[in-house]
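Structure provided below as structure tokens; questions to follow.
In this document, chain identifiers A, B, C, D and E correspond to the written order of the chains, with residue numbering beginning at 1 in each.
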Amino acid sequence: MRDFKDNLLRGLLWLSAFLSVAVLLMIVGFIFYKGMGLISFEFIFGDYSPEGGGGIWPMIVTTVYTIVISLIIATPIGILAAVYLHEYAKQGRLVRIIRFATESLTGIPSIIYGLFGAVFFVTTLKLGMSIIAASLTLTIIVLPVIIRTTEESLKTVPASYREGSLALGNTKLQTLYKVILPSAMPGILSGIILSIGRIVGESAAIFLTAGTVAAMPESIFSSARTLTVHSYLVTQEAGDIELAAAVGIVLIVIILAINFSATYISKKLNKATNK
Amino acid sequence: MNRALKEHTKELVKQNETGKGISEMAQRGKGNAKIKVKDLNLFYGEKQALFGVSLDINEKEVTALIGPSGCGKSTFLRTLNRMNDLIDSVKITGDIIINDENIYTSSDVIKLRTKVGMVFQKPNLFPMSIYDNVAYGPRGQGIKNKKELDKIVEESLRGAAIWDEVKDRLKTSALGLSGGQQQRVCIARAIAMKPDVILMDEPTSALDPISTLKVEELITQMKEDFTIVIVTHNMQQAARISDKTAFFLNGEVVEYDETDNIFSTPKDQRTEDYVTGRFG
Amino acid sequence: TNTENEDTQATSGDGYTLAISGSTSVGPLAEKLAYQYAEHSDTKIEINQIGSSAGITNAINGVSEIGMASRDLKEEEKASGLTDLVIAYDGIVVVTHPSNKVKDLTMEQVKQIFTGEITNWKEVGGDDMEIVVVSREDGSGSRDAFQEIVDYSSGELVKSAIIASGNGNIKTTVANNKHAVGFISFEYIDESISTIDINGAEATAENVLAQEYKLSRPFLFVYKEEALSEAGQDFIDYILSEEGQQIAAEAGAIPVK
Amino acid sequence: MSIPTENKQTENIGKANKRKYFLESVSSKLFMICALLSVITLVLIIGFVFYKGSHPFVVGGYSFIDFLFGTDWVPSEDKFGIFPMIIASIYATIGALIIGVPIGLFTAIFLAEIASTRVAKIISPAIQLLAGIPSVLYGVFGLAIIVPFLQNTFGLAKGQSLIAVILVLAIMMLPTIVTVAETAIRAVPQSYREGSLALGVSHIGTIFRVIVPAAKSGIMTAVVLGLGRAIGETMAVILVAGNSLIVPTSLTDSIRPLTTNIALEMGYAAGTHQEMLFATGIVLFSFILILNFVLAKISAKGGN
Amino acid sequence: MNRALKEHTKELVKQNETGKGISEMAQRGKGNAKIKVKDLNLFYGEKQALFGVSLDINEKEVTALIGPSGCGKSTFLRTLNRMNDLIDSVKITGDIIINDENIYTSSDVIKLRTKVGMVFQKPNLFPMSIYDNVAYGPRGQGIKNKKELDKIVEESLRGAAIWDEVKDRLKTSALGLSGGQQQRVCIARAIAMKPDVILMDEPTSALDPISTLKVEELITQMKEDFTIVIVTHNMQQAARISDKTAFFLNGEVVEYDETDNIFSTPKDQRTEDYVTGRFG
């Protein structure tokens, strides 16, 4: 009976993993099947042309801009907020409120973020439709993801590390950046990778704040079009699935590159830890 | 407990004097009160763990804390460097004066902790290299010079009787060491801070006899410079290395006296019961 | 760039950025026009396709100089001082799956299909197959125009209709479903779907201009007269010029003249 | 060590410590501000949505009850009832949870506990990759593969349906749930594993009796974040939902969830219509808050 | 090491015979070989940790493993219930036969581990209530009956000399206990499985002397029913409770014999050096 239950559960584990991988392969396969035909040097590095047949280089640049700016703002704020919640705050009402707020932010549809960003950053703060307005909106979107994942990984840092460091006359701050954050790094990193995914995959919040201008942005105050917005527009208006999928391929490559470098960096950082 | 075991414990305890004699520490003059604890009460939330503890700990002596499991030895030890501050629910009343300063009214807890080092019950090395673990404290104090750090690391590791075992792998992770090795690196890490007072919470409970003896020898040497407070379950260890011994029971100090007196002529019946194994 | 601050300084020529935003239906045409216009002028034109209403709002509060709309202005929008200008017309065509045998319908049949009175293709000469109606979202310019011409109201639209956003989504939906019928702009016609003649008239620009094919709607530029820069005026003039209208025609739209 | 130097050293430490305490208090305040930012933005966003969304009811004389329970949504005829969408959202969310959470968690467990390091090292990043694929492409995938599949398999006139939405959302939740839960499971101390195995409990038993409960908090986070993704998702759903305004009675009915309604019409909406879309946002908010609340309750019960 | 300490160690060791006599276990007949280990080599990746270990462990006896820190005692112990299987890099050659079955060729590692219980060096209770911790193993065996479980839990906790301390808080989290208390609950958890063989890795290193004596008494009782293998750093403990003792050094068994012989007339010079503290 126990063996049966074990085997059943084991079977379910394998089945789930199989399903997840199958879905992964199907989606990636679908995107490559549909889009591979369009991929060429000209497509990736060429300038956009409204007549068709142009490239997507401006969108690639814009996408990289939004990723970098959003992360530069969101990562430190998110990590520090999590640090406050887990390491500094007394576990009371304030913390509960902050937690609840963070959690609720994760469930808000991106279109609402987009509308909010359009009113707050674009109009009220007079940033105009621009990469920076979109990046700030994206910052709000990924903040909860970073806070939550960082908090979780802080929880896994043994209390004995904190005690050991404090007992050596180190301040909380020193303890934080010398011991706690390095040990929590893998978890934080997976949060950042998830955030990159969210940023890259976002469309509604971006086209309402950065717009859809299909030209090379001159600065972060320019209105511009990201890859995802591009694939959204071509799907929605032209129904051009091949083009959308080709953009998807480029995105997959970008994400892969980012993930690999993130993992590589964390390995470098944690050499002593992992060895 | 059966008779045989009781007698056996007595045997163990008798052995004190011998150990004491051998460890060459009998004729040292009495130090001054380095640490004065007055009427200390400690609560974990509602639950009181220490009840009116008062005792003076002498400078450059070894003070041992003994008592059954759960009696509050670790808790008491951790009040001396304010390690209990980390637990939100802890409430403390009473005074602890170290170097003529009330550590709970003075706010410089960093200075306190650089002056009062600690070695914990379970080894708690950081997930970094052995070298970095030992250099951790000095670096926190702003020592950056590589030569100086090298020197401190080597001295401290030698001091903790582990240098030979790790000298070729200083740059590898400290977590790859065995439990015993880890604990000795923890001791090295504490020594590296050159503190005034060193608190040790069963520092040798994970060590083999050889390392234990080395550490005991080390403690004996260290008291030339440091004031040492040690929690131990090993009564022979207390007898061998300590000058004074405090017997804790249910959060109270039942008896505090010269180690010799505690083991040979305890005043309190409960102390006698405990050290002769008649207790519980 | 934020034009609001800049249009007081330079209003044309080098370095000036003309901000246009609005309808995703007008957007592609405006992009093409701007692309050709670049040969005539150094004005940089930013076109954001964010929907008619957002474009109109932007034109009202000055985020964009010109808004693009594929629907008529609402009362309150007119009240805030916007001028509207038709830059071209857009033909609307009823489309079905290529395998569908039905190739022409009367306006009345179209109405009956979209209001759910006719629910099977056999009733209009096709196979015995349920009809799946695909419409645009409420508020969409195409849908407004389509409903007005076919003469039914949003409330009458059959409840189970699939609502797709954008021409592309309607096209993809219809192209993947034998049962489906929808409507899209002329410029998106291709071989993945089959087009339907209405009252015997084929969906072509000529037929629209000749008033034989009734389904069309205007493409609008909206702006505040007083906020319109020289560059803006110049671009509008270009669009209405012979060359501009020629480009519109090539892009699949129907010229105003 | 001579006495004068010792004094000097003590003094130096004193000075250095002053700086440290200063840094300490500045940093703790900075950290608090960072933490409060999320509260501030939430308040701003809620304020914004409520300000816009309450307008028709406060000023325009519309009835909120009619809004909630009305079944007709015809903005051009001034009819705003979102009951079908509420039902659709509830069904779609629950359905996606039922399918996505177990598969996601089991996959996470598989990767953390059963798969060899080598396999996990390939699959985990690949699954994280899924998180970055734009939702539009999930929609297109749904439209091109799932919808026709459902249509053919069940002989339907249209594949755009509740079940299609559920499948797409479940797929979209996977990367978040798998990634976060896997991290949490990996963080469970080895000693728990050893303790349980040494008691002759099988590997599977150990996983479900000790490891998963010990990782509970991380797993809850995974579910909350995954759920957020499912509720907040619009672009993919628009493509496969059908967006019909009917109260769904079967898995094959096409539906219009609340989010889709907002995203679908916001581009063209103006005036009261637009405000009503914000009001839809308010309902959605309440929906999210209730769900978070329930989840928090569940996780509190499951533990301790 | 200085002379004084060496002599002191000898003193400690002499004490063996007394302890042995007292604990009433001298006249027990010899058991049969319950566990047969033949030419066991173990590698952590490239690094070899055990070198050709061969020894037979008798049924219903206590076998002690002693040796300096890092010599492979824990590693060896963990091969007996295949706990090392958890570490990917571990490679093992040689045979271990328990109950006439080669545990590395037979694949039923679960059965093996229900028959061969284990208590670890560091307490490793699960984050659940005390009751659930102790009932964990039996539940895994399919025991659902509340009465039966209650009985097992109580007996096991009594057996581990912790019942009185925890009986009023069985339903509270086990992680709130002190280290010593936790370790005793770990022992209770192992006992609850009623195994054949119990492996203990320094089970008393975190305990106070009273609890240690209780546990030792318990071990003495338990060997009526169980075969016990215990790693200890405490040579007196080895002397007091074990029938046979194996001395490990750098991954090899230097000497394995009746405990009396090991401590009184060791055959190998290194054994003598170690047990008399002349080592290292």
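Keep this in mind: contacts are C-beta pairs under 8 Å (C-beta built on N, C-alpha and C of every residue); 3 or more make two chains touch, one makes a residue touch a chain.
What you are looking at is a predicted structure, and each value in this text was computed from that prediction instead of being measured.
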If chain centres are mean C-alpha positions, then the most distant from chain B is chain C
In terms of CA centroids, furthest away from chain E sits chain C
When A-D and C-D are ranked by contacting C-beta pairs, first place goes to A-D
Distance between the CA centroids of chain D and chain E (whole Å) is 48
Whole-angstrom distance, CA centroid of chain B to CA centroid of chain E, is 27
Rounded to the nearest Å, the gap between Cα centres of chain A and chain C is 35
Residue numbers in chain D touching two or more further chains are 20-21, 140, 144, 202, 205, 239, 263, 266
Touching at least 2 other chains, the residues of chain E are 122, 140
Residue ranges of chain C touching at least 2 other chains are 24, 50, 54, 165, 169, 172
Listed in rising order, the residues of chain A that touch chain D in the complex are 2, 6, 9-10, 12-17, 19-21, 23-24, 26-28, 30-31, 34, 76-78, 80-85, 88-89, 97-98, 100-113, 115-116, 119-120, 140, 143-145, 147-149, 152-153, 155-156, 171-174, 186-187, 190, 193-194, 196-198, 200-204, 227-228, 231-232, 235, 241, 244-245, 247-248, 251-252, 255-256, 259-260, 263
Within their complex, chain D touches chain A through residues 20-21, 23-24, 27-28, 30-32, 34-39, 41-45, 48-49, 102-107, 109-111, 114-115, 123, 125-141, 144-145, 171, 174-176, 178-180, 183-184, 187, 202, 204-205, 208, 217-218, 221, 224-225, 227-229, 231-235, 239, 259, 262-263, 266, 278, 281, 284-285, 288-289, 291-292, 296
So, in the complex, the side of chain A touching chain B is made of residues 90-91, 158-171, 174, 178-179, 182-183, 272-275
Seen from chain A, its contact residues with chain C in the complex are 49-51, 118, 122-123, 126-130, 207-208, 211-215, 218, 221-223, 233-241
Seen from chain D, its contact residues with chain E in the complex are 117, 189-202, 205, 209-210, 213-214, 304
